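Alright, structures below, take your time with them.
You will see two complexes here that share chain A, one where it goes with chain B and one where it goes with chain C.
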Partner chain A sequence: MRRIPRLVTPAQQERFHRPGQIVAAVGGLLLTVTPFLPWAFDSAALDDMTVYGYPSPLQLMALLLGVVMLALLAVGEWLRPGRRVRIAWNRGAKAAGTGALVFVAVILAAVALELGGLVNVTPGGWLALLGALAAFVGTRLIVGGPPPAVERAKVPGWAGILVIAAVMAVVLFGSAYALNQDDGGTFVAFLSFLGAVIAVLFRTGGMGLITVIARAHRKVLILSAFVVAFLFPFTQNGSDANMSIATQVLIFAATAMGLNIVVGLAGLLDLGYIAFLGAGAFTAAILSSSAFSTVSWHPPFIVVVLVSGTVAATLGLIIGTPTLRVSGDYLAIVTLAFGEIFRISMNNLDGTNGPNLTHGTNGIPGIPDLEILGFNFGDTHTVFGITLGRFSNYFFLLLFVVAVIILIFVRLNNSRIGRGWVAIREDEKAAEAMGVNVFGLKIFAFACGAFLAGVAGSVKAHADISVTPDQYVFLESAFLLAAIVLGGMGTVLGVLVGATLLKLMPEKLRFVSDYRLLIFGLLLVLMMRFRPEGLVPNERRQLEFHEEDTELAARIEEELEETGAMKEATR
Partner chain B sequence: MTATTVEEPILVAENVTMRFGGLTAVDSVDLRVERGQIMGLIGPNGAGKTTFFNCLTGLYVPTSGRVRFDSAVLPPKPRKVVQAGMARTFQNIRLFGNMTAMENVMVGRYCRTSAGALTSVIRGPKFRREEQQTRDRAVELLGFVGLGNVVEHLARNLSYGDQRRLEIARALATDPKLVLLDEPTAGMNPQETRQAEELIFKIRDLGLAVVVIEHDMRFIFSLCDRVLCLVQGRVLIEGTPEEVQSDPRVIEAYIGTGPQDGPALEAELDEGGPGA
Partner chain C sequence: MELFVQQLVNGLSLGALYALIAVGYTVVYGIIQLINFAHGEIFMIGAFGALTTWLLLGSASSNTSVWLLPVMLIGGILAAVAVALLMERFAYRPLRNAPRLAPLITAIGVSIFLQEAVRLFYGDIPGFPDAKLAIPFPQIDVVTGPAVVIGGVVIQRAAIFTLLALTVSAVCLFIFVNRTRLGRAMQATSQDPDTARLMGINVDRIIMVAFVLGAALAAVAGLAHGLRYTNIDFRMGFLAGLKAFTAAVLGGIGNIAGAVVGGLVLGVVEAMVTTYIPGQFGGSAWKDVWAFVILILVLVFRPQGLLGARVVDRA
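And then the complex of A and B:
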């Protein structure tokens, strides 16, 4: 985000600051007004932009960007930045200008694509584009001012909790809205709006402020995050289609969190991780009371969970013990092969090529719904007049599983074991020479990750109803890894965001499904170029990759001095 | 020190030989380090000093010979060696660059703590107690080596001298009885070198034995109780700094017998005496 090339030199910005403000304000006004005009000639495009005086949701977003833009410009003009705590209003206006341009351009492009040609864009739409262009050009011309400094902001407790509540509400309704969009263009437009909002938050320092608040109210934040996740099914009006996607997202996220221990903490590149999920799923399927189950022992689910985890962990130990002595690329190759061996083995355990355990390519279908303490997960329930379908039930269960996995991840990370893992990732030889049990910790990371994947797999088997070997191909392993890299290695929030994006986008972007892999590839390449630490980096990695980023370094330096001085003063 | 002489020396290496194929890097070297003693290890480049260190710390398994540490034979595994009470630093600094100074030292506590996965996840009383002790000790050690002001800095962002000191703090965190320092003043300016010297004296005063590899003659002769000079894998001489310093073979080994560069460097060696 910081490497966007300069279009205008600082000197030119000094000169054109006032005209820039005026142009940008005109742009902002246009963005605020044009949503009341129709943007398209046909209501089939996006979310019906043909009505006068009554903006569609997407048009409302444009309006919001316009208002934000005007507000930022106004405050930036009239409020002098403070020295201790500083919000970079003008920088935010710049981000809003760029975001608005991208947003409107995406909308018009989508209208043109969906209706066949730009002729379907009404003058209102063109006016909006003009406004966005003006906003963009104008904000390029204004002086951005000093970077934001919010680390020392004092936020009163009630305000902090209000902010958290607001953020959570936005997350809840945003995700509900996004999931309900069946139109690809609308989804992409919404994503670009989201991008614009996040960019504004980052550039003004609002994101830093949220971080400060989050740090102060950690428990409230975590609790509210789970409340929001818990409330999510209630926003879906019993629609199982969306809840099915949400369930898949959670399974994917749980697995990615497990892999995060192996890759993000211990630094072991595992390219066959999906096999552990498969091992758990197959174990659970075989032990279920499905008519196609090949074993006569059908223990209660809690036992199945433990057995699935143990089977996966055992596989992890078997593959890990000989191979963890090699490292880096070699380990990647061995695990890659292991993933394929697993899939082929499952195909071959069909009664012809080997003992009949998995019914080969057919897999095990007809896995019955879970029943825990008399609660059947297949039933539809009505709570407060809202119907919760089958997938909602699994969603709640998976939420619990994800919470447990996150808990394990976070607590191991902040312990002697986690420090040992990071030390191994940093310098294996030195770790060994400092008394860290390198081999033992590597094996443990491998087995622990495998166990968690196995647990996730056991729920997946029941949620998916059937388990087949072709669900566990290399591509899935690659996607898991991509989710971690995209989100931010070794972080919780980052991996959750990455997993959600990677699982949600293919569902919502079916119209580009042919180019899915191409787009992901491009996305990853761009990420590696511009933000190698991931979307939500941990502070350590941010320092690692942007060492030249003097702003950040200076800020930290300043902060340290300040705390040092404060300590001196209190003495 | 007289009281400790009746005890067995903390480290006794006998006949340690290390061969790589046809090359004998270390050739039947004997070394005795008394408790609370500072032992210097000198020798020209390629004399086998670091290889000898690696043999002591279990990074290499010596081809032949025996290393006794604290009255027991050392197992040839770096981890076990640390457990037994011998910690080292590296010639080319090997810190965990992306961990903070604090975390680096806390990693050093790994072998003296035992909280397992289960207690780490449920945050049992044992975990809390141990974690607190680890933290306290790390802060204390960082203060000891003079890094109290950079506790939360990433190791990679520290200055060169600070990185060397952090390595020493990390080694001390393993509660060693003997510290092996591989060129602790390489690349330091005179002031930093003097600080390093003071630090090593402080470590000795804690009752620890220290073995130092160094090229800086002035540093080694003013610091060490005894000095061992290695040349081409063999012990050339072992003795007090005065004995080693005045031995013509040491001068020859270091400088060669070339007529043109002899006198100047000889002068440098002279000036490095304890009286200087």
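And then the complex of A and C:
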């Protein structure tokens, strides 16, 4: 693991601990007071920071960071760390100080950019920066103390469930708030606030505590996560604009999750995965009752879903059977070629260059809304006085699809098949020698991933109304791959985070849209160089990328033994 | 018959382009078993390097005399080699011992990054055309111009140039690999890097040489592409790279002679398919599909390629 560079040596920290506390406290007080002052001269910047006495949401966040830092400092001063369970208060204060500085700096930079120059920052804003700076310098000077140790913490059941509920509520309102920010600067500032909060949680050991709780109440956690996702459309006050983005995010996440089985679990690099999504979408479009459909068979949607999945899986088998026998590198390039074949074929099947199946570059427009059991997805519905539009309906359907895919993913991962995949991924030859059916499992992973993409595609066709070949280009495959790499290969949470970030960023940060791909290419390279295991790593996977980390290896081995012993006991 | 010869010539000249790029895939793969996805972009950079040289030297007087050709070639090669070396040093070398997935993903990242860098920033250089659209490539005297007609078969001058460039490059490459110390060291490294290291070969340097070699040939191909198609754009490397990889696999990846043969065969097959496949699936609209179908068929029936891969599957 990479260490955060030390600005101040431990010896200096010992010496300056007390002055550091004082400086940080002054900084924290400034941070709590200045939000009541205006920060900008013009209300157009960010979320109106010109009012005396009433902090704007962003200013409240600065206040929160300041208060949290003061509280952590105070607790760290008066509470001696326990021996068995230890929360690193001072380390958290350090993270809060750094986070506050970054946050305030981002805000001032955004104000300067949006209003044209730093002259638009009021003395209040400068005072806040001074406070953040003091908080940063002060917290750097204090002694951090030992790292947190919370693995053995015992949390009573009710408290655990309360924590989960609180976390989920924060997630719900946080994402609703973030999605409603149309201003790029506000969005970036909110992200940096989020980063600061997460950093504080990690440094204090709060994240570890949450992990412990999550492990104890896994079912409650998953259920509440879906409840939160289910409640999300109700926070939008009937507006469909954000729900459209949310729908796109879910389609992307569902597809990425399918690819995660192929890449993350089985370790097969599939660069033409978008073609399977496209195969599903085109199948669904052709079988739909659109006026541009080219076949006369229009079965009910549930049949269409299965047919779409089967078509995609069949294509997967055709591509996979020859390629999976040879070395893994070939698969990457053949799937890439397959993606091209798919795109070109869909363009060519327009009636002049080939049989008319897809109307070529025009694709198939006018796909009607779904109707399942008399429920039309195009209608708006009013539930508890809140209007739910068309995209909300698709959102619920996609939520269900994502849930099913996650279920399949998790169940496969914890099965004999999943263990076979891990074995293949880590060492193919050793796995074969141990009697793992390497070829069979690989082809199963590949076909299974293709099937799920086909299913996602069939929903996408209806949600998007039209299907055209240019939606299924190589870059989209690369994006899916990036979501997995960014989030963490082989994890559910990581891929959801990665997919959300990758899909949301370009929507909210219009000003970088031209540089989107450049940043994205760079991101892939840098991730592979510095954090190949992703933002939310799977520990086993992390070990593959950091073989020299013996501590991690020992921990994983211990865990494996524990689960093995548990299985033995229940047998 | 005339049609057949015509298509053969067309195919060979197209194949020569593929062959020049394919060598880059094969030498790098032969030594570090890495599919350098970004190699197609090196080809593109080579073309832009040549164009840049012309813009700096000849565009003011719209000079197209033939002495500019070698200068443009050197310019293209310098640009391609520089980018390839930077890429090797900063993207691939740190991942030398990482799991195989890591460098592949890095390669995709590099590929997208290079494309976008050219698209966004090439036009920002004062006096340079906007690279968001296709840029017309200067047509140099002697190597472009009215086609040569021999017995009813039309041969474009750029095609002759491409074939000539391939022949010269192939001969140079052959001499380099088999007759020079560095070339033999390269062969040794590709057979067994660990033993090669024990024998005192600087493996890092050999890897750099492989990248340089591939980049130089790709730059030659880039120039030839510009002359042949009369314009270049930032996307040109993607499909060309994919085809060249197909050619490398067709010939047997890791085998330099195989890359050349594979490129020529692929080019000829593509040209023939365009003419001789009857019905709706023939014609130029489907030629790329057929090229990739060949890739898949080769993997089914002869994964070691036409001439046999020098590297046995070490996955």
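Criterion: the second predicted complex is superposed on the first by the 529 of 571 C-alpha atoms of A that agree within 3 Å, B and C clash if a C-alpha of one lies under 4 Å from a C-alpha of the other, contacts with A are read in each partner's own complex, and residues count from 1 in each chain.
Here is the rule we go by: contacts are C-beta pairs under 8 Å (C-beta built on N, C-alpha and C of every residue); 3 or more make two chains touch, one makes a residue touch a chain.
On a predicted model such as this, the values are computed, not experimentally measured, just so you know.
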Joint occupancy of chain A by chain B and chain C, clash or fit: fit
Touched partner set for A:529, first chain B, second chain C, both or neither: second
Touching partner for A:444 - first (chain B), second (chain C), both, neither: first
First (chain B), second (chain C), both or neither touched by A:54: neither
Partner contacting more residues of chain A (chain B vs chain C): C
Contacts of A:345 with chain B and chain C, given as first, second, both or neither: second
Contacts of A:375 with chain B and chain C, given as first, second, both or neither: neither
Which of chain B and chain C A:485 touches, first, second, both or neither: second
First (chain B), second (chain C), both or neither touched by A:515: second
Angle at chain A between chain B and chain C, C-alpha centres, nearest 10 degrees: 70
Superposition-derived minimum Cα distance between chain C and chain B (Å): 12
Residues on chain A lying within both footprints (that of chain B and that of chain C): 544
Parts of chain A lying in touch with chain B, wherever the complex brings them together: 407-408, 411-412, 415-420, 422-423, 426-427, 429-438, 444, 448, 540-541, 543-544, 547, 560, 564
Chain B residues touching chain A - in the complex, by the definition given at the top: 57, 59, 78-79, 82-83, 87-88, 90, 94-99, 103, 106-113, 115-117, 120-121, 123, 127, 130-131, 134, 149, 152, 154, 157, 170-171, 174
For the chain C and chain A complex, residues of the former touching the latter: 33, 35, 91, 94-95, 98-106, 108-117, 120, 238-239, 242, 245-246, 249, 280-281, 283, 285-286, 288-289, 292-293, 295-296, 299-300, 303, 313-315
Touch list for chain A against partner chain C, complex: 263, 267, 269, 271, 319, 322-323, 325-330, 332-334, 336-338, 340-341, 344-345, 347-348, 353-355, 428, 474-475, 478, 481, 485, 489, 514-515, 517-518, 520-525, 528-529, 532, 544-545
